[in-house]
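Have a look at these structures, which come just after this line.
In the two complexes below, chain A is the common chain; its partner is chain B in one and chain C in the other.
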Partner chain A sequence: MAAEPQPAAPTQGRGPSHGMRIFVIWLVVSVVADLLFGFLLAPHLPPGDMSSAAHDEQDAINIMVLMSAPVVAFVLVYFGYALIVWRHREGDDEDGPALHGHARIQTAWITVTSVIVLALAVFGTVELWDSHGAGAGEGPAPIFKPPGTVSLASWTPGKPLVVQVIAQQWRFTYRYPQFGGFETYQLVLPENQWVQFDVTSLDVIHSFWAYQLGVKADANPNVNNVAYAKPTQLGHFMVRCAELCGLWHGAMFNSGSVVTQAQFQSWTGATKSFMADVTRLLPAFATTYDPTVIPAFRSGPVMKKLGLTSAGGGFYPPQDPVQP
Partner chain B sequence: MSLPVRVGTLIVAFLAVVGGAIFVVIHYLLAGPPVIDFTAGGSGAGKQVNIVLQEAPQTTVSTKPDWVSYFIRDPKTKQWVHTTFFKVPAGATVNVTVLGYDGCTPARNPFFGRVTGTIGNTETVDGKTVRVLDTWRSCSVGHTFSIPGIGLNVPMGSPTTVAANNALCTNSPCTSGPKATMKFSFHAPTTTGAYFWQCRIPCGGGYVTGFGGPMQTLGYMTGQMEVTS
Partner chain C sequence: MAIETEPGTTQQPGGADPGATAPVKAWWMRPAVHTAIIGAVIGYIFGHWLGNLIDSGYPQIQPGGGQPDQNDIDIVLGYVFMVIGWLAGLGFFNDLINQMRGKRLLDYELRSGGDTGLARYFRFTHDHKVVGIQYLVGMVVYFCTAGLFAMAIRTELLSPVNHVFSSSVYVEIVGEHGTMMMMLMTSVILGPFGNYLVPLMIGSKRVAFPRLEALSFWLTPVAFLVLLSAIMLGGFNTGWTGYPSLAVQAGEGIDAYAFAFGLMGISVILAGFNLLVTVICYRAPGMRWSRIPMFVWGILGTAVMMTLAAPILVGAMYMMITDRTFQTAFFTPRLGGSTYLYQNLFWFFGHPEVYILALPGFGVVLELLPVFARKPLFAYKVAAAGIIGVTLLSFFVWQHHLFDSGINPDMRPLFMLTTELISIPTGFIFLVGMGTLWKAKIRYTVPMLFCLAFFFNFLIGGISGVFVSDIPADTTEHGSFFVMAHFHYTIMGGLIFAFMAACYYWLPKMMGIKLNETLGKWHFWLMFLAFNSTFLPLFAVGLAGQPRRIFEYAHNLQTLNDWVSISAFFLGGSILLFLINFVWSTVVTRVPATGNPWGSRGLEWQTSSPPPAHNFVAVPVVLSGPYEYGESGGPPVADMNPPVGVLTAALAGPEAGSDAARAEA
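Up next, the complex of A and B:
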């Protein structure tokens, strides 16, 4: 007598290894994403490679993208896998299995994300230190300084060049204290020399953004905001105001140039001579200026009699009938 | 109310709202100061254009009588027009005469006392050729005429004495009163387009840093030079 066929046992065994599948898909997608980014996009990311600050910024962006791409890939792969594999099927109206805690997954998740965040924090701090502020305004007392002592009396190659950026509605002007303190509309910098930008404003808040140099520092009235960069390539770069500052904010831009040391010395000599007649009228170089105060010795008798002792605009007093 | 009446009422109301919006856009948002045309006779390096401006201490022809303003004399009618928009031919030599009826004000940055961008980097003030004016030391500058796009910055002279500064013209456009006369020339760019110009002296009294009000309102102390082919 033949034995009766036995009913098939319930499928309590191990199903497909979803974890392994997801891991393999994630690994492939991550490697492809990082390779595509690294070889195709990374070399072309802003702000470019024209100065040390710009180079460091580009490196930092690239490293962060390379690190974050696998994280994004994991989220998307898991999402896509869940949508396809664990979707609702016709006739399957049963509840899913109860969910319980999974200590190993939770521990791994917390550990991995903590390591990534802490690693990025350490990386960012090291980059800030290593690149002498990464081209950002560091305030009046910068922590991350380039090597060399700054002398305002004169400039010698190898020491930081000081350029004061003076913002006013709607034009940047540039003052070179180490060359007699002349002021000019042109921003000319020597190649491969550290530059210290002392950024300030004479009216409202502006922002000095030398895009290709990777320098961006707010220009606040009565504040000296210091930023550093070392131009490493000859050529032109764009300067824009990056803070909405009034009617012609959009037109507040100019181009600057990086030249050889010989060209720079020649330019400073010619400009110093060309601007000599107005340089003698400028206030002594200072890190900030109060344009509402004209030194008493500079104010002539007619100005004093007219009460024009300041160059402010100020406000009408409260009792004045004319109010804007 | 019948259906046709209700539909008609709805259409009329809709058209009224749309019409009102169009009126506001055209009348208030798109309206700007008139443009004075100096392009008659074509363009080119040999072309000469003569522009006459004046600064009036008060703009009594406007709704802002306390504001200072530039005016431009129309070459066709010889009448003063309250505007700061003008059109010049590309590449032309632009000869500018400015009648400075306003009093002196110190600049926030004395650097702008330097003449730049004119032919010879000079101007004449009451017939005297100057390269730089000390806006802090002497009562000598009322405003500037500056076109950053072409590197032009010309400080405008002013009446220099206490008596003259206390007896300034009070009705615009000014036809009498103490004044300084400035003359300078510059080359219009060969690239066509709109080049904004502005005053750099903080003459927007009553506003933050003196750069509000007339300093930020087209038709008063800032405007555009349109360069056409």
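Up next, the complex of A and C:
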């Protein structure tokens, strides 16, 4: 819903010009509100500025606040004015004027709201395209892609890095197919590189929400869900499950970090060699896994080093964990 | 058309034969709640036995990986036969069986001994006014029960680490609160006020399908109890959305969820269909489409959405039940099913559902605003267009619930567009409301205060809706408390505030008793302030990264969460104040309010309060619209005692015309 500054009142002439008063109050209030928001709050609004996706989401929220503040202000100013000025006075038992409508105001309202709404839809579409899906899960066949072709064999800086997120009750694990396909609990990303998250699940629907990165993609069993983001700042970020997934949904979180490229290269090298004998036992990298087909490794080197793994059949046998 | 158009015969609701005499039976021999309970118990035992019998021969495989030894068949069949037994005990099938045996149908009021006292509220009756009161009491009970679950949720969220409930009990509570509110509050205005007032507002002596109407009510207590019974079966851990694979994997409680939701879906279809036909076919002479009260427009839009959307829900729930009992695999991806199938079916119902929860509120506030502004409704046609627009567009927006889920990305701009388009017709409601207040003489009665609060709350709810409809912004907001605050603003801040306005406004009509104004003002201010204090901070909590349905959250959000919890307790207290006012006014003091206490021009106020058995002494002839305030010397709203010939001519006119047209064609 939107509003337009109501021009001159439908009944002119004697008495104060209510329309002009409302217009002036509205103008002052909305300019002040927009200025206050734009300078004080907007730069600090969640989800922050840690990645390209987060930056675009923050932009979208800010622009919509700047656009909707005058609308809210108009409705509130009008109501406030009406409730004070046009209240019923003691002893006045007359009815109000019999106004059934006002063609110009109605047309103006419909035109202005339609323009605002269509502008918002166009803005949202451009923003979605421009930000390569804005960090939202795009399913197995994404169309809003960042530049550069993905090679699963190896990763060179400048091309998208592929990170597979495997969700299950109630844990996220991460697989790096471009580095031999090792699997780990740690989510480490290089700075200023496009990352392609391939999100899937082994059991029920989860949602991979890397809050500060502005990435949210549902993890569906047997489906690959792709989302893109480019981390632009060093530091840690939070990962939470954003789709109710059972008993310990509230406890399904961990954290990841964005590091420099050199640190990332050395981390992947170290992890790759550290995990080598586990990686050998894992099934080949695939976009989805079927936990009832993959043999579960419950002993030997995997257990010793890591405990169980997700791609290797899950932390639990398929009929577990028993739900309440 | 099957409507009786001969004015000579008395229209008996349910097609009863006016000449038949009724045998008078003792009260305990007549079907009522007590026989229904007996029937339900017998039915449940039979169904449970049958389910165990069927189950005993077959090994159970759980495709989603639940407990292999659980038996869902006996539970579902127990519920099925419980419903059949309940309805049989209520006497629902008596007329059907009698008609099949060729017996004459009896007037229901005659058969039940012509009772006019409290006992009729415990029976399956054909009087829409009785059904309206039944709905009112039922809805208040359901709302308060679900509200208690909300209090439990906020108690748990007082601390990020110290727990009142275990994580499993917490998830159960969240699911019960959400499901009970969303499925039962679907009828919170349409049930009591729609059923009671629509015939009165359109000048009809009855509704179109009184049996279906009564059935729609009598299914709600069963749905309510079945949903509560999930707790005894270990609850369900899926929230109100019931997404598989979690739902397939979950324990037996989810059977109760699916059955109750499906049953309520049927109730909603029947309630909507009945009122849809009533509004279209049962208007008094002169009640043109341009004279229909806004409340009836709101109910009409709601009824269209209920009739078209709820069957999808019933289908989805049926598929879920077969997945869990007959081992089909509609929703198991590994076996060829799809979890997206469920999500699409659910939200194809679920998104019209949230407008089902908004439109009656629009209707109520637009109906009340002219009465207390003492002005005609501004731009009547725009208001009707807004309601029709919301009704139509509501079927084209459902995929915005799946923006992050991984469905086709190319559909996203389309659904973003449709979702944002729906704010245009919603904006019409604001135009009409604001235009009506222009140079008005606003009387600050309790119903008016609730109407004004509706506009404030719905403004915030609607604007935040634009934020979640934009995909880049939604990526952060989806699944967080931001969304939760958004829909509480539209549903609780919209629908429930409108429900309260309707209670204060129409109880003098329905019960002949006005609720206490002073207590009402206390109730309003407490509820309004506590509501905003509860849900406004939740936008910030959501943006700060707190997902929905969690029992542990970040430490730095504790201050906000505690503030919200304490406000929520005050909000609960305000509902308690409403209950106190309700009981105090209608049971203890009972100050009679006869006639037309608000000076309304609505047709429903032109007959006595409470209305006589068949609403009007004679079918009224409507002469002008309901909002012609400020027109001195204008025509009255209706001729309540029209000359005999007028009605015959009015009824014969269009029929004869259409017959002639058909003959020509």
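Keep this in mind: the second predicted complex is superposed on the first by the 279 of 324 C-alpha atoms of A that agree within 3 Å, B and C clash if a C-alpha of one lies under 4 Å from a C-alpha of the other, contacts with A are read in each partner's own complex, and residues count from 1 in each chain.
Everything below uses one rule, namely that a residue touches a chain if its C-beta (ideal position, glycine included) is under 8 Å from a C-beta of that chain, and two chains touch if they have at least 3 such contacts.
In this text the structure is predicted, and so the values were computed from the model without any measurement.
Legend: residue contacts after superposition of the two complexes on their common chain; A:Val204 is shown touching both chain B and chain C.
Within the superposed three-chain arrangement, the count of touched residues of chain A is higher for C, of the candidates chain B and chain C.
When the shared chain is aligned, chain B and chain C each come close enough to touch A:Gly246. When the shared chain is aligned, chain B comes close enough to touch A:Leu282, but chain C does not.
Of the two partner chains, chain B is the only one touched by A:Glu183; chain C is not. In the superposition on chain A, A:Leu161 makes contact with neither chain B nor chain C. In the overlay built on the shared chain, the residue A:Trp170 is in contact with chain B alone; chain C does not reach it.
When the shared chain is aligned, no partner comes close enough to touch A:Ala73: not chain B, not chain C. On chain A, the patch touched by chain B and the patch touched by chain C overlap at residues 203-204, 246-248, 251, 320, 322-324. Only residues 62, 64-68, 167-168, 170-172, 174, 234-235, 237-239, 241, 243-246, 249-251, 333-334, 339-340, 373-382, 403-410, 412-413, 416-417, 420-421, 423-424, 426-431, 434-435, 437-444, 452, 455-456, 459-460, 462-463, 466-467, 469-476, 478-480, 543-545, 547-553, 628-631 of chain C touch chain A when the two sit together in their complex.
The touching residues of chain A, counted against chain B in their complex, run 166, 168-171, 173, 183, 185, 202-204, 246-248, 251, 254, 275, 277-278, 281-283, 291, 294, 298-300, 302-303, 305-306, 308, 310-316, 320, 322-324.
Across the complex, chain B meets chain A through its residues 66, 103-111, 113-114, 116, 131-132, 134-139, 148-149, 151, 160-162, 165, 196, 198, 200, 202, 204-213, 215-218, 222. Chain contact summary for the complex, chain A toward chain C: residues 1-3, 9-11, 18, 45-47, 53-54, 56-57, 59-61, 64, 68, 71-72, 75-76, 78-79, 82-83, 86-89, 92, 94-102, 105-106, 109-110, 113-114, 117-118, 120-121, 123-125, 127-128, 131, 133-144, 199, 203-205, 207, 209, 211, 214-218, 220-226, 238, 240-251, 290, 292, 318-320, 322-324.
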